[in-house]
Structures are given as structure tokens and as C-alpha cells.
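Chain nomenclature is as follows: A, B, C and D, assigned in order of appearance, with residue numbering initiated at 1 for each chain independently.
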Amino acid sequence: MTDVQQTRIAAGAMTADTAFRVRMRRLFGVLQGMASNPATVIGLVVIALMLVMAIFAPWILEPNSPDPYQMPRDWGAVRKPPGTPGHPLGTTNEGGDVLYGVIWGSRTSLQLSLMVVGSTMIVGTIVGSIAGLVGGWVDEVLMRLVDVFLSIPELIFALAIAAVLGPSFGNIILALAVVLWVKYARIMRAQVLQIKQHDFVDAARVIGDTKLNIYLRDILPNAVTPVTVQATLDMGNVVLIGATLSFIGLSEAGIAEWGVLVSEGQAGIASGRWWASTFPGLMIFLWALAFNLVGDGLRDALDPRTEGR
Amino acid sequence: MQLRDYILRRLMVLPVLIIGVSIVVFTLTRIGGSPVGIYLSHEMTPDEVAEIEARFNLDKPVWVQYIYWIRGIAMGDFGWSGVAAAPVADVFPLKLAATMELAFASGLVALFLGIALGTYAGARRNRLPDHLTRIVAVSGASLPQFWFGILLLIIFWAHIGIAPIGRSDAAIFASIAHPTGLYTIDAILAGSPTALWDAIWHLVLPSITLGYGATAIVARMMRSALVEELQQDYVDAARAKGLAERIVLKRHARRNALVPTVTVIGLTFGFLLQGTITVEIIYRWPGLGRWMADSVLRGDQATLMTYVLFTSVLFLVVNLIVDLVYANLDRRVTLGK
Amino acid sequence: MTTTGWRNGLQAGIAALALALAVPLAATAQVNNPGLLVHAADDEPTTLDPAQVEPGEGGETVILQVYDRLLDIGPASPELIPSLAVAVPSVENGGISSDGMTYTFMLREGVTFHDGTAFTADDVKYSWDRAMTMDLPEGNAGALSDVVASTEVVDDMTFRATLSEPSASFLNSAVVSMVASIVSQDAVEANGGVEAGTPNPFMAGNMVGTGPYKFVAWNRNENIQLEVNDDYWGENAKLDVRIEIGGDPDVRVLGLRAGEFDTIETDPSFIADLEGVEGVTVYSGGLLLEPLHIGFNLNIPEGALPSEDTIPVDFFHDPRIRQAFNHAFDYEAFLNGPLAGFGAFNAHYTPIGIFGHDPNAPVYSRQNYAEAERLFREAGVWDEGFTVSVITEEGNLFALMCLVLKDSIERLNPKFRINVLAVAESVFDDAHAQNPLEYAMWAKNADPAADPNFYMQAYQHPDGEWGEVHGFANGYRDAERVASLIDQAAVELDPAKRAALYSELQTMLYEDPMWLIGAQEGVVSAHRDWLMGFAMQPLWPRPSLKFAFFDK
Amino acid sequence: MLDAQHGAAPVASVRDLKVYFQTKRGIVHAVDGVSFDIRDGETLGLVGETGCGKSVTGRSFLRLLPVPPGIQAGGSVMFNGHAVCAACAGVGCGACGSTGRQAGRDSSVDLLGISSEDMRRIRGDRIAMIFQDPGKALNPTLPIGAQIAEVFFQHRTEELIALAGLPADTAGAIRRFASQSPRFGDGWLLALPGARAQRRQVEAALAKMVASALAETQVPNPVKLMARYPHELSGGMRQRVMIAQALACNPDLLIADEPTTALDVTVEARILELIRDLQQRRKTSVLYISHDLSLVRRISDRVAVMYAGRIVEIGATAEIFANPRHPYTRGLMAAAPSADTPRGKLAAIRGTVPELVDPPSACRFLGRCPHEAGACRSNDPALQVVAPGHSVACFIDHPAPSGERPTYDRVTA
């Protein structure tokens, strides 16, 4: 009996250690895989540029006082075309500087996506983990709740929530968070269930590890990859849905956010004032594209099946 | 036998999900404050406000209101739409027909185009056509539809002036009967080429706008499914039989790649349904999506509740059908379990 | 390196791009849709029933075309003209009794409803009684029931109304209002009849009137179709009508430029896009009688404000703060920006064009930061600052006015913060209908009227409609004086003396403002050149057009 | 090098075959200069560990390598196809001496050099292949019959038309149907009454051919089997179907790539027997690829041992097993699975197959070899004859250029 146990302990310790090494080697492989895909590299570069723009926005363009997330409105210079002195990308119907909107919009978008993805990831991970670890009726109830949430098409759901809460950027964040956490819960639960089957988790259990320990050391790190892929894709997706909600009219007026700018600038497109929505629209497109490219690249790099035979 | 158990289980869960959705929807609209704001004005006395609330049973406890709502739905009464100034149930079928026509047109185009594109790319993996298709696919999923639509509108409607907006020419519309509400079908039934052409012509730009993203989804799925199938042994086995590459691709790989691609129909359907909102706004398409957007902005809760509930049920049913079809189609699924 | 360096480089390149892309749209020369007038409307009606329609709501436009009223207002002047009544009642022609209590209308013979039934005095009585009986809260029945004590059919072609008290504005405000439209008794009785407090679904979506247009169809969210009534008692309309509903403002502008629409509803901010466009005529003239205003709430319930707000509930009790807001607002920016120059400064409640407006009375028309700062300092809020929310409807001029206010106040002192809550129409209506109001400030426009007394009662009198909701009595420097001046003016029959009273009020209220009035909006409209007989009458429901006059 | 007792020209000769793969880590030399012959009618066993390149070698006969990332780096695979006896269509008759072959009409082609169209004609007809896992190598969504039918469509159109009782000059949609090359609109054409009848005839003929092909593999009730799907069958049955499909056209060469690995041991024996039996009846040459030495010993006439992209030893089965020369072969034999060791494991040889990215000029077995000497580090041994019909690539049996010779006694750490 003790013999068997000891062998198992040894095996457990060894596999856990190997698992870590395998993970590190895989991570390295993933990075290498991503670097070899030109589309992913382009995506990474665009994301880097966007991040630089977002982080250094206050140094690129003087923040509007007192609220830098409000468009600086020059009511005396409304609807100026690009190339107007002081407004290289033109101005909006409210005299807002489009360049300011484009640059500070990256900051707003970053906030939006970080807040939504961050909160949904945390909530989803916790709920999914609880469902997967506890099992039983808790799992059943949580998963039915998740199913109900997944039954409503996400844009329509977010639209309904934002509509009910009233138009504001904060409410868009809230609506998206309410809608999107379920994806992570589902991924996380599947991961927990899958990894629970693995030998090394069994081994750890045999040597008397606490559940929490097993979870933190073995299960959580293994689940990081699919969650990361989903989060990367969501970083772009969230901005896209947010902008769509803004377009429909659920944003608050006057903030420096790309979706708001497209929707406000839309009013002038008919009259040849293409700039106020074109540039911010392009930014939404690039943002979503970049994260989609990287998310795709990440998924491909993580997917063992795409390795050459 | 396993398949039947699976179907039974799915069918049993369906009502649970629908009730769940209805509770979520109902709760949501009650959080949002008064559903009758659209009728109120500041000239009203509190008595008058109470009178309007009583008209909509808002003086009752919340759970009673929910029962009223569900009972109404069961009897075909979805409430009164303030925006359409008519019972929701009266206007809904007309709007639904408009939206479905648009969604189906886009969906069909997307399905065929997506499968063709995905096959083309998947068969030429890691070569130029594959990279180009990838760009189409990723950009399709990243392109803000409302922005794309506006750009098309500007070019083809405002600048070149060849594309129309709306759903039909009013005069041509009036010239034929509309038994189905799907104008293309109506035109065929009426045997009027003019009306058919008019209906199709009005469909073109909205379908492109809506279909682009859907094409991307299908193409992407088809590509990866095909790449996966092409790596299977049976493809090599088919080649080893001396089959021409064309037949290997069409009869074996593509055919089997279509099976997992079926699952994407559910996803695409949701995408199209959501997309109709912005596309209908832009192209003045008189469907559910535009009505919903109007209702959202004007606080027409009866419409909003019906719309969310209906689209969810539709989404659920379509996904259920897709899953069942998939389980049936893919014999490997039953084999594996 | 400064930011200007790279900005200049970017500018040069993009200016060239701008020139290349801003190609003018191709103009269409021939007349589109001959025989049909296509009007692009802003809002979808919520109802087509005169007894249910809310003043200023989209359905009024359609009701104006399809139903007739006893009297009408012509396109040229605000004078009343006969319609279904053959004469405008007056004391001289015996239509108004000498005590001003009974009005007798001689009706037009040989008029038929669109369903073929004959028009008689019964229909008039039925229509008015119907509106007053239904008394729908959302409708405007009060315009009749507030003054009409009883109605009576004298004979087939004579109708008499008895008032509850004399009213000089009965004809102007009640008889021509949409709620007083004459509906077909037979049609209503055949479709649900009259039930107190309950809307009639048939009438909400159908119309049987006597007007120059017959109702054909209402395709929700799409269009409303009307056709010429060939049996009209007056001059026949020339063009069938299709009212296109619910396009975005820019789609309407595009459609007009492309020639798909003949007339469009627009607001001044879009006029710049239409000026100089070949084939399009921009009509502008006169001012709307609906000042754009922001209200100060002096009656905020404790704890009701949004959580971000830092002001005390009695914030606006101090007239200096209200004055300071009025001084700080950038009027020129608002007029020249969102209103594109169409409008006038008139910072108090006797609108330009209304009797009693004193052009010499002081108005807030220029941003005066020095004065605003002085007043804010005096009121003791300068150093600490404040945050206050202003609620308004999203997506229109009101929201833009709020943004101008936000910029004006926040630039004056960064410690001052204005949150603009631009919400859905129904949410706003809901908030706006509460008494007491749970927001410190809100923005909208005033309801139009023809007489100064209406504005004074509704918007300035401490016991008036808003005086009560907003608690003006808490804030006026001399509430009794304001009340008595308004009451005096209401009954003063000598125009000169009355004008003097209003003049005094204007001066007084300048020092003690209860509103911030951004501007009085100009009347603007745009239509295709090929449209003949274009006329506007601001006293008609917006967009103030009668399609029957048009031809092309 | 040719075995005297056969004397005939080999059915296939592989010369200096090199197949490289482009991977993220570099170019993998999966097959690196392999030469051997397959003699007419013999069974050649190709053994080695997983990843040694034996499957790639086998697939090279059919050019079934993914183009990128596979690189056909060089060498040749000469194939001497036989012309089918005109009298009996390959069944075997008096005219051809029961060989089914028309004497003197053999043609030799380099399989690596011909056009893909020519290659396609050879595949399934002259050279066929059986795959490792019949569950994966059969299309899961097509009935068995339809899958075997494809071989006949492809290579036996004429016979099909003849068997259906149609004139040999049948053209148009029916011919296209019988050769599985439909054009757009053929569906409608074939629905026409006249064509439909002809089509039925073709289908009936086809069913007959498929059934007889299946019957060859001793499956019960072949007609019923035709309508079933692969997943409805057991593994053994599936492999029988694969074999029927492969042998349908009576090929000259059969590549059997671990055909029994995925099967139970009991089934394995029966399948082996079947292959053996069919091979002997039809005089088909077989390249039998396996990692299982004992299995190869049972079925092969000759054995080639592959290691790391090279053939290290080749010779008659008896000779090899009696007198293994290469240390790797010896290692394999020592590790030969007995009844209770799990299959597919060669646990006794320490280490693993080296990565084949840019291999150095040294013995590939270096590092795993218990007898390695200095010469093995700097020289790459080539295959040399050590006995008649027995070649080995090791310096033990033929000195390295330096003259150094490791011996079996020497064991280094």
C-alpha cells in the first residue's frame, strides 16, 4: 500500500514539474508560432501603436479641461474640413476636433475593452470554476443561467440592457459586462472539468493537496490559454459592439469615443462631410481587426492540430 | 437511441430556457422604470398618470404584471406598441417578413459565397488565395457594419445614384398583392418581373452590407473545416484510389467539411439577426430591427420585450434545429459517444 | 518638438484628400415622382386620432391634412379663415354672444366625409364631445374641456358651443387645434364608439375626415400614404402624398438632394448642407414660438438628485446663481453653431413675435464670464465648485444646448461640472412628468402659444404650471410682485398698458431668471425647386405645411 | 544485389529517395537517401520505429505527400507496371499463364517524374495502398459501396459499360456517369427516361463489381454491406473493406502501411492471413510497413530495417532474423514484443530517434548505439553487402574510411 502510494507521489511530483516545463515550452512555441505569422505580427504592431496612442494621449494632444474624455468643442469652428489650421482631421458638427476624438478615443476604447473584458473574465472565471469544481446542483443552476444568457443574441441583449439603463458610456460598459461574462464561465467550466480528469490532478489529490491548491497550481494555469484567446478576441469585439450601441443612439452626447463620433459624424456624410465619421470608423475597424488577427494567430499557435505533420 | 435521448433532452430544456429568457426580459424592462413614459407629459396630473398606469396594469404587483404579460402572450396579445401606434401583434408579422427577407437573402448569399470562398482558400492552404480569404474573413468580422453600410450608401445611392433605399418602389409595391409579405415571393406569385426586379434591386445593398460579415463567418469556418478534413486519412485514401483532385475535394473533403459548417448556421443566424438592426436603420428597411431601434430610443417597452423574447426564441429554435441536424448528419458524433 | 510641427504636415496632406473626396453630388434635373409629393418626416406618429394626439407630435401633421376643423388659419397670415364653418364667428356677425359665452357656427353645406356620409352639426358635436369624453391623458382634450361648458346642435347646419368663462383666445387656441378636428360620427360608431379614458384602436390607425386628403395606408416605420380627395368642398389638392417616416436626418438631407423627397423636415443644423445645392430651395423666415429653454428646479426633493450631483437642493433658490448661469452661457456659440445662425436671442418669456415683447428690455445674449464669476463668487460656490446634472432628450437641439451649457460652465471654472443626461424620449417624458421633478435642470422647448399670458402663466407665474412644479415661490426675489404683474396683465384690456406691464415683467425677470433660454429657433425648411406653391404657417402643427397647396 | 531465385525485374526500384519537410525548426530529412527493390510477387517488410520515415517512403510510391511542407528532395522510384492480360482482364487465364498479365508489355516509369494525370492513373489501379486505421481511411459519410465504386469509376469505366450491356462507344452523360466526371446539368440529363434506364444498368453492373470485390475479402453478405456506413462496422470489417478497395483493380504493388496496428490481436491474425492469401493468389507485390518485427517476420519474404530516414539493413527474412548485423536491428530483436508487452514500444533501446533537422555527417544511430567508435562520429556508413542478399550500413561489418571498426563486444556508456 505504502509502496504504491510512494510511487504515486513520485509520479505526481514529477508530472507536475514536467507539466510546468511543458507549459513553458509550449508558451515559447506559441510566441514563436505567432511571430512567424505575418498577419499576427501586423495585428500586434497595430495594437502596440493603439496602446502607445492611448497611453501617451495626454502628451500627444493637450487634454480637454476639465474632462479630457469630453470632445473639446469649438462652437465657432463647426464642420471644418480636414486641413483646417488647428484641426488637421477637421471638426464635427459640434466643433469637436476629430483628431482629438481619434486619439483620445483610443483611450476610451481601451478603458471600455479593459473594463469589460477584465470584469467579464473575472466573473466568468469565478462562476465557471465554481460550477466545474463544486458540480451537482450548483453546476446545474449556474449553467442553466449561462444558457439563458446565451439564448439572447448578444448585441440585442446588450442593446436592451443599455436601453433600459439609459444612454451613457458607463451603461454600455455595464451592459456589455452583463452580457459577455457567460462565455468565460462556459470556457472555464469546460476547462476545469477537462483538467480535473488529468493524471497530474489525480496525483496531486492523492498526495493530499487541498482543492484550492490543486485549483490554483494545476487547473487555473492550464485554463489560461483558451481564456486568453477569448479575451483577445473580445478586446476587439467589445469595441465593435460598443460602437454599434453608440451608433443606435445609446451613448451620451459629446464624449471622445469612436462609436459616438461615427454616429454623430454620420449626420454630415450626406453633405460630403465624410471626415467626422470616416476616421473614427476606421479606428474602430483597425482596432477590431488588430485584435482579431492576434486572437486568430494566438488560437492557431495554441492549437496543436495546426502544427505541421 | 442515444440520438433520441439527446433530442429529448434538448427539447425538455427548451421551455426552461424560454421561461428563463422571459424572466430576464421582464426583469430588465421593470428595472428601466416606467414602460409608459411615451404617453406621459408634464401637463398630466398625478391622477392622469395613475390612470395611464392602470390602463397597462402597472398598479398591480410585479409578479402579477409578469403573469399578465405571459398570459397575454399565450393569447396572442403582445401589448400595445407606442411607436407603431398599434398592437404589437398586428405590426409584428409585417416587420418580421421584411426582416426575414433581408436576413434570408443575406444568409443565402453568405452561405454560398462563404462555402465557395472557404473551399477555395482551404484547398490552397497557406497560398495567396488563402491569405486573401483570411483577410476577407477577419476584416468581415471586424468591419463596423453601420460604417460599411453608410459608405456603400454614399457611393451607390448618393454619388452614383444607382442604388435605391427602402424596401420597394411605392408605386410598384401598390401594383401587386402581398399575401406573404416577402416582396420577392409576392412578385413571383403575382408573376410580375418588374416587381421582382424592384424587390431584388432594393435587396442588393442591404444584403451586401449584412452579408459581408456573415460570409466571413461561413468562409472562415468552411476553410478550417476543410483544412481539417484534408488532413484526414480518408482524403489520402481517396487520392490513393486514383481519384482526381477535383473529386477528392468535392465529393470527399468538401462534403464532409460541410457537416461542421452546419453548426455555423446558428451563429450566422444570430449575427444576421443582430445585424438587421443597424442595416435596417441605414437603408430605411421597414423591418423588426429598425422598429426595435426606434422603440429603444422612444422607450416602447412592449415592442422591446416582444422583440427580445422573439429573437431569443427564434435563435434558440434555430440552434436546436442546427444541433439536431448536425447530430444526425455527422455520424461520427454518434459514433464517438 | 511641439505638436504643431507634425500637425501642419498632416494638414497639408489631408487638405488635398479633402478636396478630392468632397465632390459635389450630382444634381437631378427632371421632376421625380410626378403627381406625388414625397415628404420626409422626422417622427413616426404615435396615433392618428385627434382625440389622442399629443400637441407637437408627428400625428398632428397627418391630422392637419385629412381632417378639417371649423376654422382654419391661412398660409399668408395668422388671421382665422372659414373652413367647415362658413364664417368666423364674431360679435359683429352675431357668432359670438355679447357676453362672450356662446359661439355659434354656421356650417358648410354639401360636405361629405371620405366614407361618403354627409357632414352635419351632429358630427361637430360628436367630435368635440368625443374628445372631451375620452379625455385621454396623452391627448389635448383640455384645450376644449377647459373652456367649453356645453355643445349643442341648433339645426343640421348650425352648431353652438357655450363656454365656462369668457375667453379671448377660444377660436385661436381651441377651435383650430387638432383636437377639435371633425371626425365622422358614423365611422367612429361603427368602429368601437366612444369609451371614456380608453383609446380607440381603429381611430388611432385610420382616418375618416372631410379634408383635402383621404387616408390610404400607414405602413409602420415606412410611410403614410394619402390620396387627393376629389370630392373636397374647397379647391382640390393636386398631388397625392407619401410621408416617409423615420429616416435619419442625413438620409432626409440626402434624399432631398437626390430628388427622392420633395420636402423634408429638418432642423437648422442641417441647413448648411442644403444651401447652394442645385434644385433645392431653403426656406427660412420668422421664428418659432417655442423658445429653447433650460429649467432650474427650486423644488428638488431631498435625496432625489443623481448621485454625482453635489449641489444642495436649494442651489437655485439663490437668484445670483440663476443669473450667473444665464451670464455664463455662450449664446453666440449656440446660435451660430447648432442653430447655424437661424434664430434670435431672446432670453425671456415673451417670445419675439408675440404681443408684449419689448425689444428694449434687457436680454442675455452674450457670454459674460466676468459677471458670471462675480455672481458665482458672491453666491459662495466659486471656490468649492459643484456638479449638477441636466436631463434632456438625446439626439436633438436640446442636447446640443446642454453641451453648450456644459462647455460654458466648465470653461468658466474647472471645478464646475455639468453632466448632460441625454436620454430616450420616453425616459425624459417620464422624468419631466414627475411632480416634484427629480432633476435640478432639464432642457426642452416651450409649447407655442399666441398670447403672452399663456407663456407667463405657464412659465413664470409662481402659481402657474411650472411655478408650482419648480417651486418658483422659493426663489423669486419678489414672488408676489411677479404674480400680481402677470395677473394684472392677463385682464388688462388696454393694449398699451398691457404692453407696459409685460415690459416691466421682462426687466424684472431679467434680474431674476427662472429659465436659461438658449435661443428662439428660426423657422427653416427645405424643398425641391420643382415644388410650386410652397407656403409655411408656423401656427400649423410642425412642419407647418399643408400639402394641398403644392403642385409640381 | 538481385536475388537469383526470382531473377525477374523488380516491380519497383527505389533509388536514393530523399524526402524533406519544411518545418518551423528547419528542414527535416525524413527520408534521406533510401534505395531498395521490391521484387515481383514478393512481400517486402519495412520495419522501424515511429518517425523513422517508413510511412513517408511508402507514401512516396503514390506521391501522397503534402506538397508544402513536403519537399521531394531527390532520387527516383522506378515502377515496372504490367500490362493487363487482354483476354481475362487480369483475372488469370490460360493465355497469360494465370498471371493476368500480358507478357513483354511491361513499362517502366519513374513515379516521381511522371505527370500527375499519369500518377493518378496508376494510383488505385497499378499501385494501391492500405492505411493504418481503416476507421479514418474510410470516408465516414459515404456508404461502403459508394467508396469502393469510385475505384471502378476511375479505372474500369470500359468494363463497367461492357458489363452494363451498353455499347463500348457509349458517350455523353452516361459515360461521364460511369467515369465519375459529371458536368453541370448531368443530373437533369440522367433523369431523362432513356438515360435513366442506362444509368440503372450501369449502377447494377457497378453493384456487381463492388460485391465481387468485397466477396474476395470473405466478408459475409457483401451486398448488404455495401449500403452500410463505416462507423457501423467493426475494425476488422473495415480493414477488409479497405483491402477489397485496394485490391479491386488487381494492382501490381500493394503498399500496406501498418494495416493491423489499429486492430485487436485476434483480428490482426485473420487480416494478415487474408493479405497473405490474396497476395499469393494474385501475385501482387507487397510493401508491408510495420514497427512490429515479429509480424514482419511472419509475412515478409525480405525485410528492410529503417532508422532515421535510412535503411540500415536489408535482406531475406530468414537471413536477417538468423543473423542480424546492425546494432539497431539487434536492438529491435532484443526488444521484440512478446505476448505480454504492449505493442509499439521498443523499450530496450535507450534514447529516442534523433531529430532529423540538418543531420550531421555521422552515423544516425550515434548516441544510442552500444558499440559506437570514433569513426562513427565523423563518418556516415553506407549500405554495403555483407552476405548474398544481405546489406548493412554499419562500420562493424565493413571498415570506415579510417579503417576503424567497432566491434560488438565494445560497449560504451
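Following the convention adopted for this analysis, a residue touches a chain if its C-beta (ideal position, glycine included) is under 8 Å from a C-beta of that chain, and two chains touch if they have at least 3 such contacts.
Computed from a prediction, not measured in an experiment: that's the story for all the values here.
Note on connectivity: the fewest chain-to-chain touch steps from chain C to chain D number 2. When each chain is reduced to the average of its Cα atoms, D sits farthest from chain A.
When the interfaces A-B and B-D are ranked by C-beta pairs in contact, the top one is A-B.
A straight line joining the Cα centres of chain A and chain B is 24 Å long. Per-chain Cα centroids separate chain A from chain D by 51 Å.
Between chain A and chain C, the centres computed from C-alpha atoms are 45 Å apart.
The set of chain D residues touching two or more other chains is empty. Among all residues of chain A, those that touch two or more other chains are 163, 166, 249, 266, 269-270, 274, 309.
In chain B, the positions touching at least two other chains are 158, 281, 296-297, 299.
Per the touch definition, chain C reaches chain B in the complex via residues 23, 25-26, 28, 36, 44-48, 54, 59, 137-138, 142, 197-198, 201, 204-205, 219-223, 225, 242, 244, 246-248, 251, 254-255, 257-258, 260, 394-395, 424-430, 432-433, 435, 465, 469.
Residues of chain D that touch chain B in their complex: 59, 62, 64, 68, 116, 120-125, 128-129, 131-133, 136-142, 150-151, 154-155, 180-181, 229, 231, 242, 245-246. In the complex of the two chains, the chain A residues touching chain B come out as 39, 144-145, 147-149, 151-157, 159-161, 163-166, 236, 240, 243-244, 247-250, 262-263, 266, 269-270, 274, 277, 281, 284-285, 288-289, 292-293, 296, 305, 309.
The part of chain B that touches chain A in the complex is made up of residues 13, 16-18, 20-21, 24-25, 28-29, 31-32, 131, 134-135, 138-139, 141-147, 150, 154, 158, 228, 231, 270, 273-274, 277-278, 281, 292-293, 296-297, 299, 304, 307-308, 311-312, 315-316.
Residue ranges of chain B in contact with chain D, taken from their complex: 126, 232-234, 236-245, 247, 251-252, 255-256, 259, 329-332, 334-335.
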